[in-house]
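Common to both upcoming complexes is subunit A, partnered first by subunit B, then by subunit C.
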Partner chain A sequence: MFSAEIVGAWIAVFLTLAIFSYLYRDNPFYKVAEHIFVGVSAGYWASMFFWTQIQPNLFGRLWPALHEGQSLGILGKVWYGIYNFFNLIYPPAFPDGGVATGHGMQLIYLIPLILGIMMLLSVFSKFSWFARWGIAYVVGMAAGLRSYGFLNSNVIGQVKGSIIPLVGDVSTGAIINGIILLIGTITGLMYFYFSKEHKGWFGKIGRIGIYFLMISFGASFGFAVMGRISLLIGRFTDLKTFGGADYHHASLWLLVAMVVLLGIWSFFNKEEKLTKGNTPK
Partner chain B sequence: MNDKKFWFAFGGILIAFIIYWLLGHAFFIEERIVMLFAILIASATIIYFVNKAKRGEKISLRPIPGLKAFEEAVGRSTEMGKPVLYVPGIVDMDQVETVAGVIILGHVARMTAQYETPLNVPVARSIVMKAARESVREAYIMEGRPDMFHEDMVHYLTDDQFAYAAGVNGIMMREKPAAVFYQGKFYAESLILAETGNSIGAIQIAGTASPAQIPFFVTACDYTLIGEEFFAASAYLSEDPKLIGGVKGMDILKVMIVGIIFLAIVLRLFNDLGWINFDILKFLTIQ
Partner chain C sequence: MKKLADLVIKLGNVDRRWIFVIIAIVVMYPLFKPLGLPIRPTESSLQVYNAIDALPEGSKILLSCEYGPSTKPEIHPMTVGVLRHLFENGHKVYVTCLWPDGQFMAREALEQVAENEYDRTYGEDYVLLGFRPGNEAVIKGIVSDIRKMYTIDSRGIPIDKIPMMEEVKNIYDLDFIFCASAGYPGTVEWVQLAADPTGIPMSTGVTSIQVNEVMPYVDAGQIRGILAGMPGAAEYEALIGKAGIATSGMDAQSIAHIVIVLFIIFGNIAFYLERQRSKKTF
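Coming up: the complex of A and B.
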């Protein structure tokens, strides 16, 4: 009869068709699917972040599992006393004896804990400025960390890629290819030169640069569209599979039901359609 | 810092490095010397031009059409009595595009405060929500309209990419904003968002440095700030000498890079011909 797999297939078909119904216009089916999607994903990611990041990587380093017979000093006992308090509140996240994730105790992780608490404290308007510390840390750390990577890959890597070989074991085609690449790189860079008006010869260089950019954007567009088509084919394949007798023709029944219900809904919302239609540009 | 101090500091660092090098340069990874020079030259060039701008030396920037449209878009929303929707991308504050997007949000918020136009900023990351709220709050205070600011202007939807896209689409379909800004880092949701914005007839201005998403924004939006135009936008909008100096510094770096490319081609040619014994490709390879 109706196994969990079949129920899952019916839900998948309903949500897929509900999202597709947006192609007609905003409607109750789309609204239901949208709200389920947004709400479920927000809860899912919050749970995922806690169980894959905060619990093992933060608590696991601040209160690692104690070995059998491990003795603690006074400070250690106080520290694990705090943990035991959390253990009383929520044992699944704070199991008895510490969090067993294979990490040793690393008190440096008190810094992210404090920054996290400061972010949470911003729910009180009086302490909202606390959140700035966490933001400043993230932005500053990322800027420093990434500047090295960007210089390496985007600047030095690009310079290296532009050094075309002109002699030796290299074909004429490769030289022409290299020259085109070189012209594209230099004119593209000059297009992004902001402190000089793009007029005269300089404007012509910038124009060549934008042609190169547009050609690359066009190629990228085509490539991405191909990827999207494969995603669409994936959804249709699922709809076809779930339309079979094994799944009690879920796709067919739900499609018919949704078309009928949308037709009725549309009939009773004619006025809304007329007043809330697309605004011409 | 004036020019004298700048050159004094720069010379001091250089002399200290030469002494360190002559003393055997312990702990220094020689294969990465090119990175040291790259960081020093890039930092010094930008600091030099920021200082110049701060002293009041005039630096003119060429106009970018997309930036002129910012005020026009907010003005159109005001005339139509509809809200402005601002999408700061879908990644966290550790991406430079998001930081740029939040800075530009501050400028847009100042415009909406001036024109008394509702602003809606759905976000996909909790830290971005806090940063964006601070940015908008500051903008409203600076415009003397703290009464108009409310925290729900910037609200969290979800971390999930396509759920976020679905949520923003829903907001667009129901609120029908007259102006939509996409300023930040985007992935595959870019076309979904931009097409929906297009279908409701909103004026759309996008800005991103994600090369794979620029074509979609170019197709569906009225104006698109591509690549570095997006990063330069905050300098244009704020007219802050420090930021404008930074843009000029980056321009000079571009000219330097072009010069280095030509020099490297010549060095490779000479090396391939056997006239010199210096492999530029090996020198530029960071290990």
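Coming up: the complex of A and C.
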């Protein structure tokens, strides 16, 4: 009668309504949902990263699965001896004979392992300085990777994109668009030029730039509203689905139960409501 | 006139929870009673459709899923719509994910479209390579040597044993990139590290909130069109002629927008009247 799917639907409905209940005011349902969300997210990410990255890509390269009949030297035996110790502690992550993910042994991966351990040492105040090495590596690598991409796509690509021909086989609409784009780009950039005081003709140009920026912020706000409404539609669609007979009217029952319980809770917490005024901002 | 102004000011100061209730009602009503409002494809959605439609049969397409359950209502219909279009035209689809949740979203979409609707064969017509952490580093890996990032697929099958992977060494062996993105890492990173440096054509579908960030790449010709949020997904469904969940949500979207615009106008009038009155008082 109650399959995993139905139980899942009831949990989903409860959590959705619990989050929505914050629109009324901060309450125990919302707090429960909030804490579950934070806990589950942290656990999910930690588990996902371990099983998709650390186990296959790090351990899989440090202790790859041994082929049948493969012989090991003394160092190899010591190395796999360490692995066998981990195997005794937690076999699912360290299966017998090595991690079979198709990698060969690459001991260079000891460096990220050491850097990772150094980052974890940040929890101990005495050794927290070790973490800087790992962070420095990550920051340096990310900066190197992104700098080329930004220069190529966001600087050169965008400059090229803003150069629009005004003559030849171009429609009137495209010419007008091109001129607006040119004015918007130049005035917008001028607004962010702070080495000259924004007065006189320079101030006027900067002011035009502000109008372009305001239009851009308005568009961003509009899109943000559209996005939030889309998400609301998604939740309501699910609530509608789970309100059907297939799910034993989960949405309806839980909504009624939560409204009644919130009403009772509100009745006994009137004072808190008046003093704190904890309605959503 | 004074009474009307009083009423407007009073309504302008109404408890915000009434606004939440009104929004909830106007969003819910069309879900129960669809209005069937028309959907007209915009130029940017049309660009995506044309770019994919122009690919010769049997092209190799990289579909990257960078979204999760929180942005599913906006992005998932795009993934489903694009997959339908790709399988309809007989292309091979390689699915990667830079977000851990993306793998589950991709699996759900592939199960629905590839297995149930088009009866495609895994490993021959499509493959779910799955999630790899590393953000930009994963894209760089796919660009240089896909086997450095993926030795096995999401099902644990070694890459070298997957028939459709035989001719694919890196991104240069693929014909088109479609990125279904809800943030970082996503469309911007694919443009910067894959599409722009290699010249492989790319289209994208993004959340509404990202549109302003990604649109300059479309205008500059670095991306071929963009599906913008749920309306973009609904437009794509209209273009391929297969209405889906985005189409059914568009009535609610349109009505909610009208109500929000009315609220903004009304709120501004109330604010203006209140300010005028306070000026007179002093």
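Following the convention adopted for this analysis, the second predicted complex is superposed on the first by the 277 of 281 C-alpha atoms of A that agree within 3 Å, B and C clash if a C-alpha of one lies under 4 Å from a C-alpha of the other, contacts with A are read in each partner's own complex, and residues count from 1 in each chain.
Operating definition for what follows: a contact is a pair of C-beta atoms (placed from the backbone, for glycine too) under 8 Å apart; a residue touches a chain by one contact, two chains touch by 3 or more.
The structure presented is a predicted model; accordingly, all values stated were derived computationally and were not measured.
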Put subunit B and subunit C onto subunit A via the superposition and say whether they clash or fit.
fit
May I ask you to decide whether A:I183 touches subunit B, subunit C, both, or neither, giving the answer as first, second, both or neither?
neither
After the superposition on A, what does A:F194 contact: first (subunit B), second (subunit C), both or neither?
first
Check whether A:R146 is in contact with subunit B, with subunit C, with both or with neither, and answer first, second, both or neither.
both
Once the structures are superposed on A, label A:N154 by its partner contacts, choosing first (subunit B), second (subunit C), both or neither.
second
Once the shared chain is lined up, is A:E34 touching subunit B (first), subunit C (second), both, or neither of them?
first
Touched partner set for A:Y22, first subunit B, second subunit C, both or neither
first
Have a look at where A:T52 lands relative to subunit B and subunit C in the superposition and call it first, second, both or neither.
second
Quick check on the superposed pair: does A:V167 touch subunit B, subunit C, both, or neither? Answer first, second, both or neither.
first
Which partner does A:S220 contact after superposing on A: first (subunit B), second (subunit C), both, neither?
both
Comparing subunit B against subunit C, which has contacts with more of the residues in subunit A?
B
Nearest approach of subunit B to subunit C by C-alpha atoms in the superposition, in Å, rounded to an integer.
5
Footprint overlap on subunit A, comparing subunit B with subunit C
44-45, 49, 141-142, 146, 148, 152, 158, 160, 162, 216, 220, 224, 227, 279-280
Per the touch rule above, subunit A residues touching subunit B in the complex are 19, 22, 26, 30-31, 33-35, 37-42, 44-46, 49, 119, 122, 131-132, 134-135, 138-139, 141-143, 146-148, 151-152, 155-156, 158-160, 162-168, 182, 185-186, 189-190, 192-198, 213, 216-218, 220-221, 224, 227-228, 276, 278-281
Footprint of subunit A on subunit B - complex, ascending
34-35, 38-39, 42, 59-62, 64, 92-96, 99, 126-127, 130-131, 134, 156-160, 162-164, 166-167, 169-170, 173-174, 176, 188, 191, 199-201, 203, 211-212, 214-216, 218-219, 226-229, 232, 247-248, 251, 254-255, 257-258, 260-261, 264-265, 268-269, 272-273, 280-281, 284-286
In their shared complex, at which residues does subunit A touch subunit C?
23-24, 44-45, 48-49, 52-53, 56-57, 101-103, 141-142, 145-146, 148-150, 152-154, 157-158, 160-162, 181, 216, 219-220, 223-227, 229-237, 240, 279-280
In the complex, go through subunit C and note every residue touching subunit A.
15-17, 20, 23-24, 27-28, 31-32, 70-74, 100, 130-134, 136-137, 140, 151-152, 158-159, 188-189, 191-193, 196-197, 207-212, 216-217, 219-222, 228-231, 245, 248-249, 252-253, 256-257, 260
